[in-house]
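The structures come next, written out as structure tokens.
What follows is chain A paired twice: with chain B in the first complex and chain C in the second.
And now, the complex of A and B:
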């Protein structure tokens, strides 16, 4: 697609991931009063909820197996008749998907990118990192180490 | 970057519009020769008529390979169909479950005909024509038609009657046709006999 050539794939992957993992209320809060809201846009594909199969590997490198299905919401928009934005996220929050898709579109435009990265993406990324650190601190506090004595049976 | 749409939107209300369109196809196929108008508003890719686009969005998915007439083919059309329907592109006519064609088709036998056990595995052809009229030189008879119906198709090559006879000779195998002009469609299932 037209926009793909001009956008760094890994950067886009990164902000799409931050948008998808963000807590919906904090994303909507940051997005609500942005001036970019005024740009014309329309849905290419309205937010829709579906299922996707999650697959895992035992121990990270075993046989692949189907872990179970997860609810996924996807949405595609076009902003300003030239920027395509997509969002795929876990859960069934339609507003979250719409906001994430519109931001994905805008972030591809160099004119808006830096400002949106600063004002929306970075705060979300920061919040996610903190939450992760908190969770791992909590887990680390209750960690139990198991020791097994070698019994020399084999 | 050019200031045109990269990809046109699909149905505004996917569930309701797909159901409406499906109902329209059911009606058209069960009353061959009668005109049915699509009420769904849709901005289709350039080479597709609005009703063709509505039919594609309703009938096609990842399990239905599509044959697209080379004269209708463009990046815009393929992007639209792949994005909204996810349908694979048929390499051969015979591999297609659906075909979108420009004008009256020739070589009906080259499309999937189904098998005697599974005649439903044949192809359905969506044919775009310039004009469809309720009354015209074509006489239709068969199931779903009281006595006879008449239909005007333009352009209409005379060779099509022969093609259609061939299609009927293969019954219960054979293709079904949906004629499209703008927002109007007419069904021509394999059970309908055609005369001029």
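And now, the complex of A and C:
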């Protein structure tokens, strides 16, 4: 098993974020026919649905408080008898959690990392950025342009 | 007293079957799908998530379908479901500074940096029924600007903070966070417990309470400093990793009310703040929550006047619509024995009353 020290935490946080925010059908489509699917793997923890208490801050910047819970699915796997992968995702999609955990395991191995980043993570990231930009451009079209009427006195 | 009554099993079973048929309605009319509810009744979904205190759009849509559109019944179903699941932990506080904004308005500054962004709002609509929607096949398209909004937008409170005209937030993350779903409420309540109770509180109740403060029952002179709606990332630290990861993103609505504060012996005059936060696009709820949050700070700010919205026991004991409905609606369950005993007491009182009246008449 690779120790955590060999994996760059910020890179791992990044791909885990992309996997969590991905639309499940897009992720499963990109992952379905990957050759890495053939590597042996097993569950350390089968996909399990639970809750996470979501917190806010009073005033957005003050004392923490409990806003309400959200459903979360978690899953842990071991791939190739040496790579541990984890997934925590909002919602209750068991297949999404399994795919995200297996990919998290594989992405920690330099032999698979570059290719999986290119073939799975980057297309998902791109789709997420496009979707966000489109929503933002639609909001931007509703920006109020205040104007002051010029009075002809001077 | 409530007594179990045997003998109603068949009636109950048949009532459930009748309910299922009534829920479905005319079978000639196509059945509603959960994605339809999620997409086209999205503000109902948002309210069920907020007051059900469980973020899951699909479950909220299912609850609405099962409850035949009855909000409080749907909220009740979601609350009941959440008790069946284990809790993995608590998220990092949502970072609303970095919200991907889809709506952001301020009633206090016209030219605030980043601009007034109306977003998908009912404001400025004419509230005339649109009969075009009575027909299928409407495909509206939003206008798309050339450029997206700026990555981050300063808060109105930040602008006032630069001048020292607004109270600053106290932050102490070493303090445990109150959880009203796990510990019984106690009074006086801290602001974290109050905000949690308000966040899951009934929109109608909080709206009326907030409204009462505007009408003079504990006047707080509010301005909508800023309302923003959009997507925020949810961060969580799994124990097996030991560092924070993003586990997805959710839509939230946030409202910051600014309120006049005249100052006291120890505090200079300044603006004070009331805060509202809700799942999805729940603007009326977030605004009401902010008004009531500020009103409930009356004790802390030395301005309590005995107004209903300033009374935290009154507000927090009555804001939860699942508790309220449970207690109010249990009145329709069999109280036969209770009622028989009341009836017998009343008969005795009446007999005494009539006897006394007769004696009095005889004496006259």
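Note that in this section the second predicted complex is superposed on the first by the 139 of 154 C-alpha atoms of A that agree within 3 Å, B and C clash if a C-alpha of one lies under 4 Å from a C-alpha of the other, contacts with A are read in each partner's own complex, and residues count from 1 in each chain.
Assume a contact is a pair of C-beta atoms (placed from the backbone, for glycine too) under 8 Å apart; a residue touches a chain by one contact, two chains touch by 3 or more.
Quick caveat: nothing in here was measured; it's all calculated off a predicted structure.
Because the two structures share chain A, they can be overlaid on it, and in that overlay chain B and chain C fit beside each other without clashing. Of the two partner chains, chain C is the only one that A:55 touches; chain B does not reach it.
In the superposed three-chain model, the partner touching more residues of chain A is C, compared with the other of chain B and chain C. Once the two complexes are overlaid on the shared chain, A:81 sits against chain B while remaining clear of chain C. Of all Cα pairs spanning chain B and chain C in the superposition, the closest are 7 Å apart.
With the contact threshold set out at the top, residues 48, 76 of chain A are in contact with chain B in one structure and with chain C in the other. By the touch rule above, chain A contacts chain B in their complex via residues 1-3, 6, 42-46, 48, 76, 78, 81-82, 84. For chain B in complex with chain A, the residues that touch the partner chain are 1-10, 12, 14, 79, 83-84. By the touch criterion given at the top, residues 9, 13, 16-17, 20-21, 48-72, 74, 76, 86, 88-92, 132-144, 146 of chain A touch chain C in their complex.
Listing the residues of chain C that touch chain A in their complex gives 49-50, 52-56, 58-59, 82, 85-94, 96-97, 100-103, 110-111, 115-119, 142-149, 155, 157, 169-173, 175, 177-181, 191-193, 195-196, 199-200, 230-231, 233-234, 236, 238, 240-241, 243-250, 254, 256, 273, 275, 277, 279, 293.
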